[in-house]
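These notes open a run of structures that come right after.
Same chain, two partners: subunit A is paired with subunit B first, then with subunit C.
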Partner chain A sequence: MIDMEPDRFKNPLVRWIDERLPAFSIFRRHYIDHPTPRYFNKGWNLIVSVMLMIVIVSGLFLAVHYVPHEDHAFEAVERIRRDVRWGWLIHTLHANGASFLFLAMYVHMGRGMLYGAFKTPRELVWIVGVLVLFLMVTISFTGYVLPFGQTGGWAAIVITNALTAIPFVGEGLRLAVLGGDGVGTATLMRFYVWHFAVPFLVLLLVFLHIWSLRVCLGKKDGSRNHYEDPRLVPFHPYHTIKGSLWLCGFLIAFTIVAFFFPDLTVSPGNRVPFDPLHMPDRIAPEWYLLPFYGMLRAVNFGINPYIALSLVLFAAALRPFYTRGAFRAGRAAGLAGGATLLFAFGYLGQTLFAAPFGVLFLVSAKSAGAAAFAGMFAVLLLLPWLDRHPVRNGRARPWFGAGMVLFAAALVALGVSGAMPATAPWVALGQVGAAVYFLWFLAILPVLNRFERGGRE
Partner chain B sequence: MALKDDKPDDERRDFLMLLAGAMGLVGGTAAMWPLFGSLAPVRSYDESAFVTVDLAAIPAGRSRTVVWKGRPVTVRHRTPEEIAQARAEDTGALRDPQTDRERTVRPEWLVVVSVCTHLGCIPTERGEGWFCSCHGSAFDASGRVVSGPAPANLAVPPYEFIGDTLLRIG
Partner chain C sequence: MRRGVLFALWVAFSLPAACAHAGAAPSWSFEGPFGVFERSALQRGFRLYVRECSDCAALSGLRYGDLESLGFNADEIALIARELEDIPAAEAATLSVRPVPGPKAGRLPDSLGRIFRTRGSDAVFETITEMSDFESADAADVTAFVVWSEDPHLEARKKTGLAILFYLLMTMTVIAVLGRRFQTLSEQ
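And now, the complex of A and B:
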């Protein structure tokens, strides 16, 4: 283990500063000499950091030219793309940078799930990361509205209406977010401030994310204390060079899209000025938010007493896996089967007949959709307590690996359903995706905790 | 100054700390109030907003959409068949029960805010009613929800007739 005494720098100015403010020592310890196991990471952490810096820096320069006003916002963005010197470059790096930042975050999180990076003692590393994801979703959504095109403006209307599903404070919250009855200058000002300010909160959370990771690497996790591994290598040059290779590959892909296909992920509807009286045929977010939008659409049914009872039966069937109580297969299968039938009855009832099923709601369809959206983040936050399997590495768990493929397929299904019109086959696809998403976290992972064997480790 | 008497002093200090902390919390919370309050919409200039619609220009079976407080309001001149159909559905099981008479002042004129009560999309007129393409809610000839995820009927704005040919919304 590398010793933690204050460093002696050769350069006298650096040494003079470091003795009073040990910034150089801290940087050297954590980004140069930091001892790391040779097996970890493919550099996605570095890629996420660099993409975050690219969108923050390009955003600062775009902010100079942007005008948050209903009469000028659309023009201002077009002016950046056409008239501002280098504006096209900064704009394409910012808009496509957001896409690639989300791509990198999703891969980073997927690897975290697969390799069990959220397990004791690193729960907080994961939780802070999920909070960052949530903030990034709000940042990209507000950014999508700023050019004041048709798609973004109508997305703001639909999403802020979903806020009214929150009991008691919902309507007040909607007015506070919009700043009026409809989307206008007040909305753009609010979204601009959020879009500008919250990324700095994200930077703070990223700092906490790395800090917690550094602390946890020194603790025993499972069988291993990372700092006691005899095969440690310093962070620089080993991981920095390896990460840079991956970073270069990623940046090549990013620049190819940013330069040659700058509008690849941009909805054409967002290049048409917002009109509060004419709704576009298609309202959809950018690709990286489609699974969340798909969830909002998939839950288009209210919770009537039949569905409520079926959820209770599902919970009863899964109870032994949470309480570690005795499991009786026949009882669980009976409960789950009954729950499924009851759910189908309650769902088909309210879809096919207005009355009496469609009238008697404990929770309206609107609130149920919003709750499912919030639930997507809630289960991610709870992941460290849902997947408690002692084997950390998911690649040593074949059933878990198959489940991860199913989980990824559910995200794709939700995304496709969010992108397509809200008609029969696509809504059903989204509903299957939604069911698999929640089953993976709330049913499959707890069941695997009990039944999947220890694997190779 | 006697050290042996420190126990009562400790309790007194604990109490003072608790009191000071509680006051700080109350004060801090109170300071949040104007901050969150400032986010409310600025109303002064649109409170008295109203629009006037010339009814003579709308033949039976047609409708006209005007903007009122930033939202589209549809004024529909209903045919006798549409009125009969809307009244026939009064007795059906509705999610948000309202009779057609409660929703209209003069039966031939239906005035509704054409914003879906689900997530705020604009339903399009289809047949004698409305259909929202966002999430598939359908509304009848009286603007009442008949299917889909919308929790309530299309809202009826405040309006009054001025003579036979003018309608004032707001």
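And now, the complex of A and C:
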């Protein structure tokens, strides 16, 4: 990408620069002449990039007026909305822009999963993207706390409390993140610095994401793609036009929300100043973090020896799909059935009778919840090695397609359970969602690798 | 596709109105994509509010200078400032408005502005009619004033939004028309 021969540009100034720094050549080759398959959809990556820029630029303007202090933060945001010239504009673009950036990222990732965009040789493109998602989660969470409203302040308390689940360093980490025992100026300062600085790390990762994609697109990957069309078209104008149309459509939806329903995506509880003495009835993050919050709440049980043994049995049942060893249906069914019974025994025993189940925890409930949260990202990182089906395009795989619908339903179930009060039916819904989420990655995908048509065996 | 976008626009704008329950609250002039405040209602609402409200928390962000966008001119603002708090005209523009408790105030809660921010304009209207001695028409004007004081850029926001929507639709049309040439080429 860098060591290329410069093109011969007619404009003498462009040519002079390009001979010393081939930026124009690189741009021309990758965004104008680049031969691209016709079926590529250049819409969502463009939408994600533009939303990222909208949020970063509006954030820079907001940062000029914001005051990270417990006595002034809430008023500072109110002043931006009322008194700062065009302050209402940058405020609504930033607050609603975050929602639409996450919406675009989720669609972008979903399409990547559906069309197998993470498969060899593009594993790193996917992995860097998942890292970006993780950083975006931390950035949006710190941003939620900065206006110092009720839900934001209390969310900081609840989430940093989950940090204490990390063995050995947890309690120290919580103190370091909060800057003390409670949420205050020290917390706001820390969150402000994180919220301001980490987006630039995201920009760097986005650059690596695109760079890796450019390197890998030119390589033969040996996959069979049922819809593949060998004919190529230059990037400009074919994909630039298609992408611009998608972008305009998305921005129209964004404009309708940001200018006509500016409070639609902002939690009402965050429009009231933080009060450390009165815990609100409902503590929940913004909609795009609800599945993660739902997972934290769904895994509300510790790992006792029965549950631990059942997990080992599940792993044994799935082993042939990972090692490509011989598969015997009876043995796998026996192991999985035994594991399910054992899990039910361990879980019900723990919820119905405290002793002897409750005292025998290998992992406490709090740690298990935090581990499940981390596991959500871990399985996403491992996706290129979990879905190894040789057919790249998921739409050519009916079972995979049905599984994707199930997976989306699991995310919705987790989100709904995160939004609702932590009472029995909603927690149970979240637990079903959590089970399907992990089963999809760790069990269904490896099984489909072996049995879905078009596979190796 | 364009028809689809227009349909989506229509649905987006008409849904909230269709979902609104038929309660006692009047229909607000400031609702909808073209909604604006009625200046006369705001001015009446302001006068009622500053004379009758028992608490002033919602107005902590409001200065006498802001009353200009309610349609009052400088002389009227000076008069209001003198009438309410005996403030000299020269200083009025930078000072916060401090309403005084009045006989109709009843048991109005701390902050009507906060009720608007968390529960919307109908909730403000219901609170005023239930907890004070305001008549329905007066309560509607006070509600309009409270909404304005919490969302003073509502009109500018909608105007800007409509301009951006117009620009995006134009751009989309131009790209679609110009791009049609290349679309047919790529399908050959």
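FYI, the second predicted complex is superposed on the first by the 440 of 457 C-alpha atoms of A that agree within 3 Å, B and C clash if a C-alpha of one lies under 4 Å from a C-alpha of the other, contacts with A are read in each partner's own complex, and residues count from 1 in each chain.
What we mean here is this: a residue touches a chain if its C-beta (ideal position, glycine included) is under 8 Å from a C-beta of that chain, and two chains touch if they have at least 3 such contacts.
All values derive from a computational prediction rather than experimental measurement.
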{"item": "Superposed partners subunit B and subunit C on subunit A - clash or fit", "value": "fit"}
{"item": "Partner chain in contact with A:Ala422 - subunit B first, subunit C second, else both or neither", "value": "first"}
{"item": "Touched partner set for A:Leu89, first subunit B, second subunit C, both or neither", "value": "second"}
{"item": "Touched partner set for A:Thr265, first subunit B, second subunit C, both or neither", "value": "neither"}
{"item": "Contacts of A:Asn393 with subunit B and subunit C, given as first, second, both or neither", "value": "neither"}
{"item": "Which superposed partner A:Arg38 touches (first subunit B, second subunit C, both, neither)", "value": "second"}
{"item": "Touched partner set for A:Asn449, first subunit B, second subunit C, both or neither", "value": "neither"}
{"item": "Touching partner for A:Thr340 - first (subunit B), second (subunit C), both, neither", "value": "neither"}
{"item": "Subunit A: partner with more touched residues, subunit B or subunit C", "value": "B"}
{"item": "Which superposed partner A:Thr120 touches (first subunit B, second subunit C, both, neither)", "value": "neither"}
{"item": "Three-chain overlay, vertex subunit A: subunit B-subunit C angle, C-alpha, nearest 10 degrees", "value": "90"}
{"item": "Subunit B and subunit C, minimum CA distance [Å, superposed model]", "value": "21"}
{"item": "Subunit C to subunit A touching residues, read off their complex", "value": "5, 8-9, 12-13, 16, 33, 61, 114, 117-119, 152-153, 156-158, 160-162, 164-165, 168-169, 171-172, 175-176, 178-179, 182-183, 186"}
{"item": "Subunit A residues touching subunit C - in the complex, by the definition given at the top", "value": "38, 78-79, 81-83, 88-89, 92, 233, 237-238, 241-242, 244-245, 248-249, 251-253, 255-256, 258-263, 268-269, 271-272"}
{"item": "Contact set on subunit A toward subunit B in their complex", "value": "154, 157-162, 172, 175-182, 184, 186, 190, 276-279, 281, 283, 297, 300-302, 354-356, 358-359, 361, 364-366, 369, 421-423, 427"}
{"item": "In the complex with subunit A, residue positions of subunit B that touch it", "value": "36, 39-42, 65, 67, 69-72, 92-95, 118-122, 133-136, 146-151"}
